[in-house]
Amino acid sequence: MANYMSFYVDNLCCVRGNTVILSNVSFEMAAGDCLILRGPNGIGKSTLLNTLAGLTPEDTGTCTINKGDIAYSGHLDAIKFQLTVAENLQFWAGVYGTDKVASVMQDFGLTELADRPAGNLSAGQKRRVGLARLLVSNRNIWLMDEPTTSLDAEHTALLTKMIDEHCQSGGIAVLSTHIDLDIQNARTLDLSQFKPDQSQSNDIFLEGSF
Amino acid sequence: MLALFLRDLKLAIRTSGGFGLALAFFLIVVMFVPFGVGSDLTLLARIAPGILWIGALLACLLSLDRIFQLDAEDGTLNVLATSPIPLSGVTVAKSMAHWVTTGLPLTIAAIPLGYLLNLPSVAYSWLCISLLIGTPALSFIGAFGAAITVGIKRGGLLLSLLVLPLYIPTLIFGAVTVTKAVEGLDPMPSLMFLAGLTLLSVVIMPFASALALKSNLS
Amino acid sequence: MSLWEYANPVKFMGLSSRLIPTLSVLTVLCLVIGILWGFFGTPDDYKQGSTVKIIFLHVPSALMAINAWLMMLVASLVWLIRRHHVSALAAKAAAPIGITMTLIALGTGAIWGKPMWGTYWAWDPRLTSFMILFVFYLGYMALWSAIEDSDTAADLTSILCMIGSVFALLSRYAVNFWNQGLHQGASLSLDKEQHVDDTYFYPLILCMAGFILLFVLLVLVRTRTEIRLRRATALAARNR
C-alpha cells in the first residue's frame, strides 16, 4: 500500500470533560507501523484512541489521520444480541460496503458459530466477533481499545497474528493493552510522559479572579 | 444506510415488545376514551379524529428512546460514527425504520379503532392519508429527541417533555384534516400544511440529530 | 476592542459589576414611575373601566416572554458558532426569567379575561401560544438540569433552542389555523393607525422599558451566578 495513508500526531491535547488529561502528544505512523499505548488506568489511553477516531474533539494540536481509513474497536463489542454472528458481520460489511464476511469468519474460527445468536456467546467469543469487524471493514488504520480483554491464550495469539499480517500488508494499528503482545515491529508509547502538570487546565472559568 | 435500515427492521421484529407494544398501547388508549367520556356514539364520532391522532402520537412516543439508546449502550453508535455513513444518514435510516415499525402499523390499526369510535365513514380515507403523511414527521422529530437524550440515564420522561411540544403542529394539522372531513369541509389545506411539516422535518431533523449525537459521543 | 471580549468570564464579571448599579436604578425608576402613572395617572376606559390598567403588567410581560426566548436563541447560536461559554450560560440564565414572564402574562391575562370575556381561560390562539411557549421553556430548562457535563449541556440545549424556535413558530401558525380567537389585536403597532390611546401609550412605553431593563438586569445577575457556579465546579474538579 502506498505511503499516503501514513499520518502524524503533533502536540495533540486530549480532554475529558473540561480537564486536559494528555498534553503535547506527538508521534508519527508510517504504513506498516504498529503502536502500543501503555500507561496506568485512567492515564487516557481510551481518550487518545477516541480522539484519533474523531469521537472526542481534540483540544489543540494536529492529527492528520484520514477518518475514512479508520476502523475503530472500543471497549464495547458493538454486536447485537438478537442477530446471529453471521448477521452481525454481514451488517457491518453492508455498512462498510465490503464482502469479506465468509473469509473473515474462516480466519477467526467463527464459522461454526455463524448461526448462533450473538447473545448466547461467551465474552471471549463476543470479543472475537467484535475484532472480526475490523477485518470485515477492510480499512487500513485499526484503532483498538484493549482488544485482548476476555480472549484466551490461543485467540490472543490469533489476534497477534492478525495484527502482524495487517501491518505487513501495509496497514497501521494503534492499540492499548496491558499484556505483552508479540507483534513484530511494534513500538511502545508510554502515555505517562504526556500527563500534564496538575495545575494545567483549559477551563476558561479558572482564569483570572472575580 | 440500507444495511442499517434493514438491520433495524430485523431487530424490531426479533425483539419482543418492539412494535406490538405500540399497537397494544394505541388500542388501550382508544378503549379508555369511552370509559372516560361515556359511550354516546354521537359524542364519540365528534371526538374520534382527535382521539385517534393523540393515541397514535402517544403510541409513537413509546418506542422513541430505543432509536439510539440501544446502539449507544452496546458501542454500535461509536462504531457507526467512525463508519462511512454520516451521522445524519444514520438518523435517516433509523427514523425510517422507526416509521415502518411504528407509524405504518399505527396507520393501519387506526381503521378498526376508528370504527370502535364511530368515526363517520367519509373520514376513513382522510384519517389514513393524514396519518400516512403525518407519522413520518413524528418519527423524524422523535429521533431528534432521542438523539438529544441518548446520553442521559433513564431519559425517557425527559424525552417526552422535549418531544411532545415539538409534536404540536403535527397534531393540529393532522387532527384538523380529519375533523374537517367529518364536518364536510375541505380537508386539503390542513393536509397540505401537514405534508409541508413532514417535508420540513425530514429535511432539517437529521442534521439537528447528527449535531446532537456528535455532542453526545464525546 | 470587540464585543467578543466580553465573552471572557473575567471581562464579563468586571463589566457586569459596573453595569448592575446603574441598571438597577434605571429599572426601578422606569417601573415605579410607569406603574404608578399607569395605575393612578390614567383615566378609566369607557368600556373596560379600571380593569384596563392591568395592561401595564400584561403587555410588557408578554413582550419579554417572547423576547427572552429570542435572546436565548441568539445566545445559543453564538455558543454553537463561536463557542463562547458566557453566551451559553446567559441563555441558561434567561430561561427561568422567560418562563416567569410567560406565567405573569398568562396570569394577568386570566385576571383581565374574567371581567372582559367572562372566563379566565379560553382556547384562544394567543393564549394557547403562550401555553405552548411555557412548555417549550419547561423542556429547555429540564434538559439543562438533566446533563452533567456543562459543554454537552450547552450544545444540546442550544440545538434544542434552535429547533424549538422553528417549531414554536410553526405552532403559533398552526394554532391560528386551528381556532379563531377572542383576543384583541396588537396593543401597539408601528404600521397600524389604530392602537391604544396616547394617555395609555406613554406609561405603557415606560413600563415596557422597565420590563426590558428588569430582564437585562436579571439576566446579568443570574449569568454572574452561573459563572461563579461554573468556577466553583471547575475548582472542585481540579482539586479532586
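Going in written order, the chains are labelled A, B and C, and every chain counts its residues from 1.
Just so we're on the same page, a contact is a pair of C-beta atoms (placed from the backbone, for glycine too) under 8 Å apart; a residue touches a chain by one contact, two chains touch by 3 or more.
Predicted model only: the values in this text are computed from it and were never measured.
**Q** With chains as vertices joined when they touch, what's the shape: line, ring, star, complete or other?
**A** If you draw each chain as a dot and join those that touch, every dot ends up joined to every other.
**Q** Taking each chain's centre as the average of its Cα atoms, which is closest to the average over all protein Cα atoms shown?
**A** B
**Q** Count the C-beta pairs in contact for A-B and for A-C, then report the pair with the higher count.
**A** A-B
**Q** Need the CA-centroid distance for the pair chain B / chain C, whole Å please.
**A** Averaging C-alpha atoms per chain gives centres 32 Å apart.
**Q** Roughly how far is chain A from chain B, centre to centre by C-alpha average, rounded to an integer in Å?
**A** That gives a centre separation of 37 Å.
**Q** When the centre of a chain is set as the mean of its C-alpha atoms, what distance in Å lies between chain A and chain C?
**A** Taking the mean C-alpha position of each chain, the two centres sit 48 Å apart.
**Q** What residues in chain B touch two or more of the other chains?
**A** Within chain B, the residues that touch at least two other chains are 218.
**Q** Quick one: in the complex, what on chain A touches chain C?
**A** On the chain A side, the touching residues are 17-19, 198, 201, 203-210.
**Q** Using the touch definition from the top, list the residues of chain C that touch chain B in their complex.
**A** 132, 135-136, 138-139, 142-143, 146-147, 152, 155-156, 159-160, 162-164, 166-168, 170-171, 173-175, 177-178
**Q** Spell out the part of chain B that touches chain C in their complex, as residue ranges.
**A** It is residues 141, 144, 148-149, 151-152, 155, 158, 161-162, 164-166, 168-169, 172-173, 176, 190, 193, 197, 200, 204-205, 208, 211-212, 215-216, 218 of chain B that touch chain C.
**Q** Please name which positions on chain C make contact with chain A in the complex.
**A** Per the stated touch rule, the residues are 8-10, 13-14, 85, 149-151, 227-228, 230-231, 234-235, 237-238.
**Q** Chain A touches which residues of chain B in the complex?
**A** 2-4, 6-7, 10-11, 14-15, 73-76, 78-85, 217-218
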